[in-house]
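Down below are the structures I want you to see.
Here come two complexes built around chain A, the first alongside chain B, the second alongside chain C.
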Partner chain A sequence: MLRIEDASKNFRRKQVLKGVSCEFQNGVYGLLGPNGAGKTTLFRCILNLYPYQGTIVLDSEEGGQIPLIGYLPQKMGVFPNLTVEEQLRYFANLKEIRKEDVADEIDRVLQLTNLSEVRKVKGRKLSGGMVRRVGIAQALLNHPALIIFDEPTTGLDPEERMRFKNLLREIGKESIVLLSTHIVEDVEAVCDRILILKDGCLAAKGTQEEISHIADGLVYEVSKDDVLSEDYIEKEREADGEMHFRILTRRQLPDSLLQKPNVEDGYLCVLKEI
Partner chain B sequence: MRIKRNIARNLKNIYWQLKGIGIFNLAPVLGLYVLIPLANLAAYGMGHDMDYLYVNIVKQCQIFCPILSVWYVIFVLEHCIEEPGNELLYIRHRNKLPELLLCYLTFQILLLPLFAVYTGMFPDLWWLYLKLCVIQLLYLGLAYFTAFLCRKITISVLAVLCYSISTVMAATIEVQGISYYKVIVNQGTDLVRELIPFALAAGVMLIGGCICNYYFPMRK
Partner chain C sequence: MFRTQTKLFFRSPLRLILLAVLFGGSLYYYGPMFLAWFQGQVYYAGLGKLQEQLRDFIYVFLLLLFLAFDYFRDVPDANIDETLKADKNYLKQDLVQALMMILVVLVYAFWFLVMHIACHISDGTYTLQVLFYYFRLIGTYYILDGVVTILAGWLFARNAGKIVGYIVIILFALLISPLAISECAWLSWQYPWIYKVIQIFLIIPQGTQSLDPTYLQEVNWSIAARGIFWIGLFGTLLFLSYYRQEKRKYQKWIMLLGVICTIAAAVYSELPVSYYCVDNFISDTDDIFRYQMFGIKQQEKDADFKINFYDMEIQLGRQMKAKVICSPSVQTLDRYDMTLYYAYQIDRVTDENGEALMYQRDESTLTIYGQPDGIEKICIEYHGGSPKGKIHANRNDMYLPGWFPYYPIAGWQKIYDTDKNMYVDNQLKEPADFRIQIKTSKTVYSDLEEVAENRFCGKSEGPTLLMGFVKETELENGVRYIYPYASVENLPDTKFCAEEQKHFLNTLENTNSKIRLFMITPNVDEGGPGIYREDQIIDSVTFAYLNSIYEESGQWNWEMRNNETDEEDRIETVKMLYYNFKENETGETLYENVRNMYLTQMQEFGYTENDFEEFIIKNLGQEEWDYLKEAQEDVEN
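For the complex of A and B:
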């Protein structure tokens, strides 16, 4: 279990995290928030890279001790002259995996990330998506109790994204998986629970249904003439030669225009304070 | 047991990092076993004079060895400081000095066969080897401290190059203090007295480097 209690972090005078508290059991958790909301800062506090106020405890160990954490940073490079397998051997050494387990562990993560066929390919020949998969593979080494993915799907093609989502569901059965992204669709596809960070505060948390319910009675589809400046336009689409707008509004409109809310609607309601 | 395990882990880290830079890791070997011997041979060929060769060895070693000694260090530092996603390297072990000291030791070992040949010809050149060990530690400290202080490897490279050039220039205009570059090799207590300021400076740089290294992941 990962427990965060009243975690705060300041950068000089700017408070980037403001008393975040939450608990995580095994499962996939999506951390949503706009740029600068504090997602990466929260991750770095969990990884003990930043000093922080409050308590962060993983499996009854204090934050100073880092038992088994897998981490995929937002940006990651590879050695141009090392093969995929060698890069993973390097990370296995960093993670202090026992010598006799290294080969099996590498085989396992290569298979999980669909990189077995390119295990002998050098870093300089890898595409951006493959580099990302090497990053995912190194995070999975040694069966970590907590795995943190910071914007993991960036650079992955649709097929690999789908594969990654399936993989997340699998590893979420045995580990705590924290996933930060601004692609709501990814979160909807795999996350058991969702946390929304806004200006360093935990603005909302809950299951997908609970987040969707935040926008109950606020989502409408209207024609162009019915849109007012106070409405938040979420999407627009053309049908029968006419533009239709999906809006979030506190106004009372006819029930016939009311739409069933989804996670994105809930997220936007929290973000835009509708 | 734990120390042994940490050394083995750090050695493996260096091995992968240096393998990762490809043919660039041959530069110190080529410098030590091609560049310097060729310069020595050229000097001997010009005068067929053993005294002239002795002076040339002393000069060339003091110019090239300290710079070559930080070659591996610079690449390891670049990986730790400028590589995207380098926070991964600080999760379990924040202090990079053990890895860098192993790079330093690797270079000292590389230097040994060259000095075995030199001392076969001029026995007192072991003192030059000892002098270079201390000076190279100063270069290590300078590279380590400036790299983590400025968080830019180019600044570290510039600092090393500037110091190296200035030490030769300072010696030619007879400015004492910052220069270790001399055409004679002091021995015994004279050498110890000569090296104390450089050893102290190296210690200060290494401590400064450790402090900047500790705070590095927090400043990102």
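For the complex of A and C:
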């Protein structure tokens, strides 16, 4: 279990994290928030890369031993002169995987990330997507208790994104997976619970349904003439030669126009304070 | 972990090039030797190779610095530093990188050791003392400086951008280079505080223009402490950079220990020390500057007494510490004017009863005030020594020539002769009795008779004390021969000097010479007189040189030879020197040097600066004058 109590972080005079508290059990957690909301800072505090105020504790289920953490930062490259397999061996050494288990463990993560075929290819010859997958693979080494992915799907093609989502579902069964992304779709597809960070505060948290319910009664689809300046236009689509707008609004409109809210609606309601 | 790091290290083309330059570069020194051995020729290499390699040490330092920097840049360049830092073992991975670099340093040091020991064995100049010296040399310069390069490369690679890092390491290498040190040293004449600051940068061999076979390149704890200072500084900063986010249990204590070690090393390295460092630029007491250029006044006064007996006890540490009991010939004087080299600090002056005597010290003069009921003995305790040049004494080596006031001598005497540009021969006018005890574990050699280990007794006009890579042997006719054995040209009975040695001994025999001691001393940069007594030759000369002097002048002392030459001879000398200059010097300095040489050589024959052109054209031809004029124009441009 990962427990965060009143975590705060200042950079000089600017407070980037403001008393964030939450608990995480095994499962996939999506961390949503605009740029500068404090997602990466929170991750770095969890990883002890930044000093912080408050308490962040990762308990081992077996007790005593400090559990392993896998981490994929927003930007991560590879050694240009080492092969994919050697890069993973480098990280395997770092994670103190037993010598006799290293080969099997590397095979496992190569398969999970669909990199088996390029295992002998040197880093400098890998595409951006492949480099990202090497990053994912190293984070999975040695079955960490906590895995943190910061914008993991950046650079992945649709097929790999789909594969990655399936992978997340699998690893979420035995680990705590924290995922930060801008892409709400990704979160909807895999995350059991969602946290929304805004201006360094934890603005909302809950299951997908709970986040969606934030927008209950606030989502409408209206024609162009019915949109007012106070409404937040979320999407627009064309149907029967007419433009339709999905809006978030506090106005009372006919029930016939009311839409079933989704995660993105809930997220935007929190973000735009509707 | 190490296997992966090895692959990482050796798969970089840049690092392979740097390694090739590092190891391949040493072929520049050893290549001719290999070639000679291969062709079955004798190649005397030991000292020359050492001298050349130490002179060029900055290139080794720079290459190691670049290697370390480039290697530790691999992680930030690959953009995986954040991933690594998230793992509790990331420091271990970095330590393996450091270990890899240490291996490179060790392999290079081992290569250096093997080649040089091979040279000494081949030359016949190898002894265990030489081997231990090389261990100390490698420890101080290769290992400590190697670790400095690793930590500096590591620190800058991980805490600065690539470009900034390159700039910083180049600046650091520049600061410790002999070039910067020499510039700073010139400035330190004007701003003395610079001298204190630059000392800490003296971590690579300095002043190896002419390695003296008696001492070789100086290696001591003061130099090592500078290396330890930089290791402490960079190590502490690295520790800080790794653990600034984390709070470890013993972090504060480790930091404190690092800071204490760094400060202690800095303080130790700045403590006064007297050691051999010739041709370097750290001097604040170089006597040629002191007396010649800065005109420090030297007082002279005849003594009303002489000293009949000296009982000296010398302790060797970083400097010399001496206790000298003098027995003056007159006990009732109001004042005893003496000379003792100014670099020795007086600790205490007492009489035979241990009662303190008043004294006054000014430059190299020492005046001790008498007691109403007279003084039988004067005990002077002092310490120090010249931090520059070859007249020095410390626990590793020592050269205290008999003509130098390293002990109190009667009267106020000049130390340095600014007309002759050399030290004054300050031997006693009449021999005194000496009893000398040197407290050191090494062997000291002297022209006095050794009565016990490092205890000497006898009458002398000034005893010479020598310690270093020195041996003593007895030549065929019973002449004591004390010589620096690291120099192949001084080894007795070797192919190199056997003939000259035989010639020398024959001359002694044929002339019924009373000479029973030939002691080869280091050559003093500022110029030092030799000691030529009826029964002793103590000077920085070889058999060959002595023979040539004797053949030329019928006596051994080169200072006494007849230097009269006629104008034609001198013109020939100028011509010879001109072609020598032309061969060795660039156009920019050629003109100035030739003109100065011409004036030095020809002024006594009435030639002036205005005659320079005419002289050159007449004696060397129009073509050479045109060549010189071209060089002069280079200077002006």
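Points to keep in mind about this one:
Here is the rule we use: the second predicted complex is superposed on the first by the 266 of 274 C-alpha atoms of A that agree within 3 Å, B and C clash if a C-alpha of one lies under 4 Å from a C-alpha of the other, contacts with A are read in each partner's own complex, and residues count from 1 in each chain.
In the analysis below, a residue touches a chain if its C-beta (ideal position, glycine included) is under 8 Å from a C-beta of that chain, and two chains touch if they have at least 3 such contacts.
Since the structure is predicted, the reported quantities are computational estimates derived from the model, not experimental observations.
After alignment on the shared chain A, the placement of chain B and chain C results in a clash. Applying the stated contact rule after C-alpha superposition, one finds that A:233 touches neither chain B nor chain C.
Of the two partner chains, neither chain B nor chain C is touched by A:243.
Look at A:1: by the touch rule set out above, it reaches neither chain B nor chain C.
In the superposed pair of complexes, A:162 makes contact with neither chain B nor chain C. Judged by the document's definition of touching, chain A residues 47-51, 66, 69, 71, 73, 75-77, 79-82, 86, 89-91, 93-96, 123, 135, 138 lie at the interface with chain B and also at the interface with chain C.
Put simply, chain A touches chain B in their complex at residues 44, 47-51, 66, 69, 71, 73-77, 79-82, 86, 89-91, 93-96, 123, 135, 138.
Those residues of chain C whose C-beta lies close enough to touch chain A in the complex are 1, 4, 7-8, 11-12, 74, 78-80, 82-90, 92-93, 244-247. Residues 47-51, 66, 69, 71-73, 75-82, 86, 89-91, 93-96, 123, 135, 138-139, 148 of chain A touch chain C in their complex. Considering their complex, residues 9, 12-13, 16-17, 19-22, 83-85, 87-93, 217-218, 220 of chain B touch chain A.
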